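Following this line, the structures themselves.
In what comes next, subunit A is part of two complexes: it sits with subunit B in the first one and with subunit C in the second one.
Moving on, here comes the complex of A and B:
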C-alpha cells in the first residue's frame, strides 16, 4: 500500500533520474550468486538480488529425468500402459524440455500487485487476517502486516492480495516454462539418442523472499542453475529390438566432468522486466521506464513489459502487463533497447558464472589430486573479507551494480 | 547491570512476590510464571515479561509512531492504522476534529481527512495490554505525511528520544517512529515553490540508504549516527551505498562500530501524559531490570 504522496515522490524521482534507493533507472541491484548449493540435484543455484536487509532471494534446483519418445508400436496402440518400474523412462511425444515449478515458502509476501491472485473471491475472503491471528509478539520480526481491511469496509482497489496463493505460483511457473521452451532450442540440445531418448530437466524454484523483480530473479537463478547442471554421459548400444539401450558408463564420478555433460546456456533466455512509473512523455519513448523495480516502485507501475532475451540478443518472448497501454513506437523502441540491455546483463552474469566455474574446476582438481591447496586467487579481486561482510567464496560471487542503460549498452 | 536471559520453559523466580505474566510468559496453574521464549527479562511494576531480540512493536503510551491507514470504520468513527504491532491501532475521528464537534456529515466524509494508504504520524494515547492501541494526533507533530518516502526497520533499533521528529542540517526531515517506521522527506529549502529540486531526491535516497545500512549492522538508528554517516557518505556515489565495501568504508570514516554507535542520553519524552496503566514504561522507580538502555 502506498499513499498518494509517496507515489508522487517516487514518480518525480524517477523523472529526475534518481530512485528512492539512489539508483539510476536502468541499474540493477547488487546480486549475490551461489552455485552447487544442493548436492543431490543435478544443478543448483541461489540468487539474492539486493542488500542484506531487503532482497529478493530465490533458490533453484535442477533434476534430470530421462524421457523417451513413444515407439511406433506404442503410438499405434490405443492406450499406453503406465509403466511403474523405474527402469523404463517416461514415454511421451513431447521431447526434450525444461519444466519449471515455482513455489513460495510460507510467509513470503509477493510484492508485485500484478501477480496477486485475481480470483473472483470477495476482498474479505482474499485478504489475510490481522497479525494477531497468526503470530505473537515473538513471532515474525517486522513482517509486513498489510492486509485489506476485512470487516472494516471496502478497501481501495478491491482487496489487495497478501500471502501467496497457488495461482501466483502457477503463473510464475508457467511464465518461466514458456520462456525456456519457446523456440525449441533445448528440444534438440537435450536429445540423448535422436528420436528415442531425451532429457527432461525439472527445475524447482523456491522463493524465500520477494523484494521486487521476482520474475527476473527467478529467470537468472534458473540460468545459473542450468549452467551448473551436469547430466551423466550415457552410452547407447543397439538393443535386440533395434532400439537403443542406454547405460551409465562404468566408473562415473559425480565430479568428473569427462563423464558428465553440461547444459549449454547460450540458448537460455532470461527475463528483463521494464516497468513504467509515471506518465509517458512524447519526446522520449523510454521516459519513466526502470529495471529491477523495488516493491514500492512495482506498486506505482502503470505498465510493464517483460522481455525474454538471450545473450545473443534474440528476443524469445514478451509479456505485457498492466492497465496502461504501450504505443507502437514505445514498444518497438523498448524491444530494441531490451536487446542491448539484455546483452549487457547477461554478459556480466555469464562472466560471474564463468568465474564460479573456474573456481569449482580448480577445487575439483585439488580434491582429485589429493592436495588441499586453495584454488588460485582470481585476477579480478574478490571483495576483501571483513567481519560483517558476505564475501566471496569458492561457490559464491557478488555481481556489482549493473547499469544497463540502453544508450550506454548500445555504445558498449 | 547484567541482563538476565530466560530460555523457553524456564521458571521465572519472582522472589515470593505476586507477579502478573506479561509478554513472552505464561502462568501455570500453581501460580508459577515461566518463559515461553528466549529473551531478556523485564519487569515493570508487577508485570513480568520476557522480550525477545526481534519482536513486533509493542505499543506504549506516549510513543511517537508512524502508521499507515488500512481502513476506516464509520460506525465507530475511527480509522484503523497499521503500526507494525500485533494488532492494528485505532485513530478516532475526535482526535482530528479538535476544534469543533463532529457532525454526522463529518463522519461520512472521513475519507477526506485520511484515506486508505495514507501515512500518519501520531502519539500512542492508550495502549491496553490486550486490545488495540489508540492513537492521537498532535499539533506539535506533522500529521499526514505527504511527500517523501518511508522505510521500515526493526523497532528495537529505535530507542526513546527527546524529539522523534528531526530536521537534519542537510535539509532532510525525518521522523523516527518508535515502531520502527522511519519517514524521510525533503525539508523546506529543498522544496522551492512547492516543487522539489533534483538534489532533494539524492539526499532522501542517501539518508534512506544509510538508515538501511544501520539496520543491516543492527546499530541503533539515532539522529547522531545518521548525521555522522551522512557526512561520511558524501564522497561516495549514491547508488553504491547499498554495497558492502562502500558501507564498511563509510562506517569506518564515521567512526561507527556496532557496539559504539553514538547513543543519545536517555531522557523522558516531552509532553508525556501521566502514566498509570500497567503498560506504561520508563517509570524508573518501578523498573527492576530493563532491556539494553544502559549503553
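Moving on, here comes the complex of A and C:
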C-alpha cells in the first residue's frame, strides 16, 4: 500500500511531467533483450524492462505442435460425445493459432491493482455491481474468472479483492492469446496442408520478476520469441487413403534457415498500456497519462487503456480498465497517441531484433569458416554496428530509454 | 535394442562412463533476491533464489527454535523435449521439493534464526536429466550466496546403469533408456547427496529394482561424482567471494 504522502508525491510529479525515476511521461525504461536462449524450444526470448535491481523480467519459449483438422466423420463422432449444449467449435477445428500461457515461476506472485474479483465485496455489491467494476471490453471474462475463484480469492488474494496470482495469470494468458490471434493473419500463415494440418505455436511466458508494465513486457517478449521461431519445412506426400502424410526431410537442422520456416512478425501486435495518474485535466486530454508504469505508479492509477497495435499502425484488441471513466475525446486522442507510440516502439524494437539476427548470421558464418568459437570482435567486424558495447553479447542487446512522444520520435 | 555405447565404449554424447557433463555455475545472478545461483549441467539449466531468513509467512507454523526451510519447485513447460504444463500441485514436483527441503534443512545451522523461515525457489528452465541433483547444487550455492551459515556444502550427483555398465550423471535419454537395468527394467537412476567434508550421505533415492551388490557400486560412483561437484562448487564460491571483495575495494577507494 502507498501512504498518502507517497501518493501525492507521485501524482504531483506526473502533473509536472516528471516521474519518480526521472523519466518523461511517454518514455519506456531501458530494455535488455536476449534471443534464442533455449536450445530445446523452437523460439525463445528473455526481456528485462528496467535496471538491474528493480526490473520486470520475463522469459518466453515457443514450442510448435502439429495439429490436424478432424475429417467430417471424426468431427461428427466428436460432436455426439460432446455435451449438446456446448456450441463452441471443437479445439481441433480452430486451425493454426498461437496459444499463450503465462505462468509465474517459483516464489513469484503477481497482482494487478487494476484487476479485482467481486468475491470479497459485500453480497449487495455482487448483486448490483457498480458500472465501473465491470467496465472494459473484457468485463465478461473478469466476471467469469472471479466467479470460479470465490473461495480462493478470500484466502489467497493480495487483499482488498484483488485477483489471486493464478487468476491474474489466466487473465493475462487470455488477453495475449486474443491479441495474437485477432485478425486471423496467423491462421493461414500456420497452415501446413490446407484443410488438413496446421501448426499450433504454444507460447509459454514465465514471469521471473514483476516490477510494473507486465502486459507490455510479455507482448514484446512474445514478439521477439516469434521472430526467432523456426518450424521445420515438412515434406508432404499423398498417403494410400488420400490423406497427406507429413515427414521431416532427412538431415534437417534446427537452426538452418533454408530447411525451416520463419514466422513473420509483421502481423504480430503488441500492447501499449497508458495509465492515468491523478485526476482528469480539462485542458490537455493526455494530462496525467504515462506509459511503462512502475508498480507504485500502477497503484496510483485510476484508469488505464491497453491498446494492441501492429507495426503498421493497425489497432487491435483494446481494453479500458479501472474505476474511472474516459471521455470519448480522450479515448480518441489516446488511440492516436498509441498509433504514433506503437510505430516508434516497434520500430526501435524490430531494429534491435534485426541487429541480433545479423550478429547471429555473422557468428554462424565465422564458425563455418573454421574457427569454432569466433571472438565477438571478429564476428562484429562483419556487421555495420561496430564493436559490442558494455552489457551486450552476440545474442543480447540493450535498448536505451525510449521516448515515444511523436515529436521526440520524429526528431530522433 | 539401441546400442547405448559407441564402438570405443563412449556414451552417445561422447562421454566416458564415469564422466560428468560440462558444469558451469554462477552465484549472485539475481540482484533482487537475498541469494541466487544458476547451475548448468550439460543441457540442464536450473535457477535457484533464496529469500530470508525472514518471519514465517504463517507465524503459527514455526514456533521452533530453528529456521524452517520451505522449497518451491517450478518446471518450465518448455523444459523437456515435449511441452508439458504441470499444475502447482504436481506430485513429482512436490516430491522433489520435499527431498530438497529435508536435505537442506539438515545442512543449515538453523539454530541461529529461531522462529524464522528461509524460502528457496527453484526454477528449471531446461531439463535434460539430473534435474534433482542440479536443483540441489543450485540451492546450495544460493544459500551460500545468501550468507546462511551451513555445516557443509550439499553436493548432489546421480548415477545409473546402461547395459550393465555403471554410468555417472545420466542425461534424459539415458535416464529413460528402457531395458537399461538388469532384468530389462527401466534403467536405475540413483541421486545421491552428501556432505563432502565428512562423506556422509544425506539423500539417496532409488526408483527401480537393483541387486544389492550393485547398489553399493552405484553409490560409490555417485559419491565420487559428488566429490567432483563439491570441488567445482568450492571453486565457484571462492571466485564469487573474490569478485565481491574486489568490488568492495573499489567502493572504499572512491570514498
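Keep this in mind: the second predicted complex is superposed on the first by the 317 of 412 C-alpha atoms of A that agree within 3 Å, B and C clash if a C-alpha of one lies under 4 Å from a C-alpha of the other, contacts with A are read in each partner's own complex, and residues count from 1 in each chain.
In the analysis below, contacts are C-beta pairs under 8 Å (C-beta built on N, C-alpha and C of every residue); 3 or more make two chains touch, one makes a residue touch a chain.
Since the structure is predicted, the reported quantities are computational estimates derived from the model, not experimental observations.
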A:61 contacts which: subunit B (first), subunit C (second), both, neither?
second
Between subunit B and subunit C, more residues of subunit A are touched by B
Pick one for A:16: touches subunit B only (first), subunit C only (second), both, or neither.
first
Can A:52 be said to touch subunit B (first), subunit C (second), both, or neither?
both
Under the stated touch criterion, which partner chain does A:208 make contact with: subunit B (first), subunit C (second), both, or neither?
second
Can you list the residues of subunit A that touch subunit B in one structure and subunit C in the other?
52-54
Under the definition above, what is the set of subunit C residues touching subunit A in their complex?
30-32, 43, 47, 49, 51, 72-74, 76-81, 83, 85, 88, 119, 121-123, 125-126, 128
Within their complex, subunit A touches subunit C through residues 38-41, 44, 52-55, 59, 61-63, 65, 101, 103, 105-108, 166, 202, 204, 206, 208-209
Of all residues in subunit B, those that touch subunit A in their complex
23-24, 36-37, 39, 52, 54-56, 58, 68, 70-74, 80, 82, 84-88, 115-119, 145-150, 152-155, 180, 196, 198, 201-202, 204-206, 208-209, 212, 215-217, 238-245, 248, 258
Of subunit A, residues touching subunit B in the complex
1-6, 8-10, 12-13, 16-24, 27, 29-30, 50-54, 130-132, 135-142, 144-149, 152-153, 155-156, 296, 383-384, 386, 388-390, 398, 400-401
